[in-house]
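So that we are looking at the same thing, I have put the structure below in structure tokens.
Per-chain residue numbering starts at 1, and chain names A, B, C, D and E are given in the order in which the chains are listed.
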Amino acid sequence: MKATLTQGGQTFEATNRDILDALAGKNFFWLDLDDGEADGMVGELLTNHFGFHPLAVQAAERFSQRPRIDDYDGFSYMVTRGADPERTGQAEVHCFWTDTYVVTVHRGECPALQHVRERMGRHRAAEVASPQIVVVYLVVDALVESFFPVLSEFDDRIDALEDDILAAPTEAQLGVLFEMKRSLMEMRKAITPQRDMMASISSRSTDVPGMTDGAAHYFRDLYDHLIRLADQVDSYRDLLGSVMDTHLSTVSNRLNVVMKQLAIIATVFLPLSWLTGFFGQNFSFLVTHIAPAWTFFVVGIGTELVAVALLFMLFKRRGWLGGPTV
Amino acid sequence: MKATLTQGGQTFEATNRDILDALAGKNFFWLDLDDGEADGMVGELLTNHFGFHPLAVQAAERFSQRPRIDDYDGFSYMVTRGADPERTGQAEVHCFWTDTYVVTVHRGECPALQHVRERMGRHRAAEVASPQIVVVYLVVDALVESFFPVLSEFDDRIDALEDDILAAPTEAQLGVLFEMKRSLMEMRKAITPQRDMMASISSRSTDVPGMTDGAAHYFRDLYDHLIRLADQVDSYRDLLGSVMDTHLSTVSNRLNVVMKQLAIIATVFLPLSWLTGFFGQNFSFLVTHIAPAWTFFVVGIGTELVAVALLFMLFKRRGWLGGPTV
Amino acid sequence: MKATLTQGGQTFEATNRDILDALAGKNFFWLDLDDGEADGMVGELLTNHFGFHPLAVQAAERFSQRPRIDDYDGFSYMVTRGADPERTGQAEVHCFWTDTYVVTVHRGECPALQHVRERMGRHRAAEVASPQIVVVYLVVDALVESFFPVLSEFDDRIDALEDDILAAPTEAQLGVLFEMKRSLMEMRKAITPQRDMMASISSRSTDVPGMTDGAAHYFRDLYDHLIRLADQVDSYRDLLGSVMDTHLSTVSNRLNVVMKQLAIIATVFLPLSWLTGFFGQNFSFLVTHIAPAWTFFVVGIGTELVAVALLFMLFKRRGWLGGPTV
Amino acid sequence: MKATLTQGGQTFEATNRDILDALAGKNFFWLDLDDGEADGMVGELLTNHFGFHPLAVQAAERFSQRPRIDDYDGFSYMVTRGADPERTGQAEVHCFWTDTYVVTVHRGECPALQHVRERMGRHRAAEVASPQIVVVYLVVDALVESFFPVLSEFDDRIDALEDDILAAPTEAQLGVLFEMKRSLMEMRKAITPQRDMMASISSRSTDVPGMTDGAAHYFRDLYDHLIRLADQVDSYRDLLGSVMDTHLSTVSNRLNVVMKQLAIIATVFLPLSWLTGFFGQNFSFLVTHIAPAWTFFVVGIGTELVAVALLFMLFKRRGWLGGPTV
Amino acid sequence: MKATLTQGGQTFEATNRDILDALAGKNFFWLDLDDGEADGMVGELLTNHFGFHPLAVQAAERFSQRPRIDDYDGFSYMVTRGADPERTGQAEVHCFWTDTYVVTVHRGECPALQHVRERMGRHRAAEVASPQIVVVYLVVDALVESFFPVLSEFDDRIDALEDDILAAPTEAQLGVLFEMKRSLMEMRKAITPQRDMMASISSRSTDVPGMTDGAAHYFRDLYDHLIRLADQVDSYRDLLGSVMDTHLSTVSNRLNVVMKQLAIIATVFLPLSWLTGFFGQNFSFLVTHIAPAWTFFVVGIGTELVAVALLFMLFKRRGWLGGPTV
């Protein structure tokens, strides 16, 4: 466990001593706990010294949780998640806050929290809301923002995949499609509960300690971003379905082209081969009658040319010539 | 930044001076800001002189926003969008309005706003609503109307694509289908939030400064148009799915036709070639016995004719003759 | 513009004079306007003499509207639609009604309205509701009833199409499927808004002038019919999807059959042809050793028969014999 | 019309006289009318002697109605349906009930009603509810129960169909699938409205004469059964979609197998045939040089063996050997 | 019937005598009934001695019930289910509870109940809720937890199946897919009703005897788990659809590869065979002119080489070389 305490504008690595002092005081502090080792010390601290409800502490010790907000006597508990394309688990933050302080729990390096530390002093939300709410808002904001570049890259990948498939459909693309669908679902599971959570916070239907009308505007802004993210995720899912359909249709189309080539080849050479076979028979009559030189040019070459000409006309009438050749 | 001020029936390009004068007065004015250069001056003006909430100003500086309405102390902020098939971004207008004035922000040439200027003086809504609401209504109305021709053209394109596919399915059509699905989704994202927004405005569940019962009828009319648009978008999406299915079925069907041709050719010429091969064998017995002339006509030609006749009967029984040939 | 006035049990073609007289009186009348020429006279009359709200008059001048009901000061405006399989536009009626009269606007021959005239005098709803409501009810009733035979025919067409496809899948069927899906969507757009409209009227949540508890039963009955229609439309849409899937599966299945034939033919004649080719080689050894007559019967005919027998066994084991042949 | 009257524990075929007597008295009776002939007498009786609302009577004279409950002055009218796999129409019962009696209308033999007669005297619901409600409850209960065996058989049929398709996909299965989807939709139309109806009755949001808290438990039980039925119908619909997909995939898979066989045959015999053709050419050089006996064994047989060996290695590397052969 | 009584910290197999004693006392007890033999004794006991409502008792005697909670006078009845991948029916527990005791009914070995016995004494929920609620909570908790490992294994199976299909699509996989879809639906039917049940219990909208605010937190926690489970089930269903699509696309793709091989073989050997056939004709002119040795090398070998070179160039241009070979 690594504890970082932010109080009175200062941020420093805190010992247990510092934490207890801060807790004993009446001033606002933000304690950030890195539970990277998952050694149970975070749970112990939160239970024994902070006295949080065992259900909330238990939840904070497990990661990969569904975003949610729970209101307990005297404190609120929120799980919030950002984009985590490499599934490092570093984009999940659990927040506890009371009237006087905030505690955040995360695992490993979490760039969003560093970003919060930089912005918390000078953010305008500080004018209308208590510092706990500002920290909570900034944490959610940083995590929500992290989805935008990921989804934007996703958008480009869908287009690239569609172009790839139209250029040359392969089986590897099907694996990619499946992976993309899966990761889209992962994002959906992080985004939609947060959207509903922000809706209920900004409409004040969930009661949150330290919430003000002024702060509600900021959460409404987050809500708006989350609606957009959820809409995008749904669009992408739909588009992935279309890409899958495109793959199947393209493969079928290419099969058509190959089969048409095969049909043309067979239609040309099967009759021609039959003709040569015909004149290769050992009937004496045939051997006798095809003796003169002109028979070779008229019958041997002639019938072949006539056959080719007839086939050419047939293909022309069916539009088999000049089509795509790949 | 290019500012256009409309006050007392006059419209003119405004300097900062003019804007501050208008702001100082108590008369209604409509200030239209073209933020084509996105140089931050619009944000500065809105923050420092108009005193709008930083969240709203921030939102107005970013484009490609989701349509929405936010109610702040003393002013309302609305993002509204029209059809933008070429993605120029010229069909997005952000409106701020208070009890006395309206400010609109857009980027580049926006034909909808010009249309508003022409209609605002003589529109009948002016009899029942404050001038701010009239301007806002006309802006939304002009943007909403812009969807109809686009969707109507879309309708024609779907029909044309279906006909094209039934005539001759190609891979290029799959790319077109994907593009159409994508642009339909873009439109959906602009239409449905506006529909919900108009529903809440016309039913008065969102409180908007300057709103009257008389004006609500006009917003209800917009709501009705937007429901129709959303219904159409959903129908088109469904139809695009059918077009995709038609493509696959048509391709499969054509494959059937090609394969039937191939099967017929092979079924005719493989047995015939075998027959000629048979009589081309070097067995002395065979060579000896097929010496007389009649053997050629009876055995050589005869077996071939019998084979052709049998095959013809077989094809007839299977219905392989007279089918489509493309 | 053709005006038909119904008052005091009499129905006659009305001049402008008659209309103004009726309007000046205090007795109930039903004015039916045929706006077949769309010459603007209807709009003028409704605006200047009846004084309806410009938004409602504007809407009544445009056809192909989404069914809806709008409540204005002193009058109600309703757009209602029936089945219109040939898209003649003759199944759309716009109704305006106040405490004393009803005005209906339509285009061209509208059989539903004739039906209303015949029933309005003797319908039992007249006992419990004001005459305006009776006319409105009968108009909607006649239009709603018009959907039933159309949907019932649709049902038969789906079954017929499925049977056709199972008998012989063609590309023309795909075009028919697309057309059917499209017309189903058109019907859906006319049915679902009316269903919701009737729900709100019958539950009295939309306030309608002249409405009574007794009349609400009649609108509830309409609501029930419209739910059934909407359910049917949804079922048919689902079934059309199944029909499309059937088409694809049938085409694929037939391809299988054709390919199996081709494979059988090739598997029979390619080995046989190789055998004849083998004995057609010019190796002197071969020529010498196949000189005796028995060689022809034993080796020439024998190998071929053995090959045929082996192939027959192979086919038998793979179940390739006796399958479908179309 | 056949009338069956149940009163005071006795059930007998009733004349018009009996019905009027029962109606004149104040004791509870249950009149069951079999409108098998649809001769209008039922309508006449219900209108003239029972005085029910014309809309309700009209509805009771038409069958194939959507289940629903309508509350009129002084009586309630309910349409309820059971499973009717053979579309005999015998599982539809219309109930009218007032404070003192129940009238049920059905067509033909209705086993559910016989079942009600047997249970009504000794059912425990009689302790907590008026006899009308008991009859209505038992009628709905009997009809709802009739769905369970039908759906259970449906479940088995889906599994059997899936197994059949995996064993050997045929076109007949596509027709069966379509029929199953259709009959599932029919059931859905009977089940979901009844589910919603029972929900509103058991939660007391629909006011029903003679309803008690004790009886509500029984209707809640029906509601629970109907939810389960509706869930099952939805599952089956989904599974039928999967079965359809299985059909297409299986057909495609079998095509693959057939084509692989064809490809193997062609890949073996086309090169071999070319070799024999090569040595069958009439070039004197060739004829001269292949005169010695060893040439036949080394070149004639040898090249063929080498070709077969090479092809065998090629197939081995591609995994074309040992796959499925059907 | 096997009865296990838990009272005053002791758990023992109970005789009927013990049960009646416990019932006569005023102390809390938990009676667990194993209705493995389904011999009707459980129903008799619950009806005669506990006096539960016949509907509830009837329900408790049938298994495979939909999870639900019913509130009766004086007691609550709840059906709750856990994961039951092998359909043993051992993960279904029916609970009855009043102000003083809990009765659970199950069939066969139920590991969840053993787990409850171990935890009930020392669980922290005991501090805030009555013992009945603690038992009910622990039962549901144990059953809900049982879904997580099953779904997690399901997740792995989907991935494995997708990988399998991409490696080599077979028909057996289609059967597996169908089975997985089916078992997913079974789980869905157990999970979603419990989710809704926990929502209404934790929000206190369903009134449950012995419920406290403190206990509601525990049920909210269950609710949260159930939402996550329901989300997962929906994701998996969607992914199974993608896997099915992958199967079809992979099969089609492989067909393409096979057909390309066939087309290449045919395109190479049909022209070559024709050439050899051409020079195998018995035209005297031909036989005479191809007598010199050089004709064999130039014309016989030469034309073949030229043909092969031309075909190689053709294939190269079409990109037919170097593609996938499986």
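Everything below uses one rule, namely that contacts are C-beta pairs under 8 Å (C-beta built on N, C-alpha and C of every residue); 3 or more make two chains touch, one makes a residue touch a chain.
Bear in mind that the values here come from a model prediction, so they are computed numbers and not experimental data.
Least step count on the touch graph, chain C to chain D: 1.
Path length between chain B and chain D in the chain contact graph, taken as the least number of steps between touching chains: 2. For the touching copies chain D and chain E, the fraction of interface residue numbers used by both falls below half; the interface is of the different-residue type. Chain B and chain E, compared by their mean Cα positions, are separated by 38 Å.
One simple way to say how far apart two chains are is to compare their mean CA positions; for chain A and chain B this gives 24 Å. Counting only residues that touch two or more partner chains, chain D has 248, 252, 255, 259, 262, 266, 270, 273, 277, 280-282, 286. Judged by the touch criterion defined above, the protein chains form a single closed ring in which each chain touches exactly two others.
All the chains close into one ring, and from chain C toward chain D their sequence is C, D, E, A, B. Residues of chain C that touch chain D in their complex: 124, 162, 166, 217-218, 220-221, 224, 227-228, 231, 235, 238-239, 242-243, 245-246, 248-250, 252-253, 255-256, 259-260, 262-263, 266-267, 270-271, 273-274, 277-278, 280-286, 317-319, 324.
For chain E in complex with chain D, the touching residues are 53-55, 59, 66, 68, 70, 72, 169-171, 174-175, 177-178, 181-182, 185, 189, 193, 244, 247-248, 251-252, 254-255, 258-259, 261-262, 265-266, 268-270, 272-273, 276-277, 279-282, 286-287, 290-293, 295-297, 299-300, 304, 325-326.
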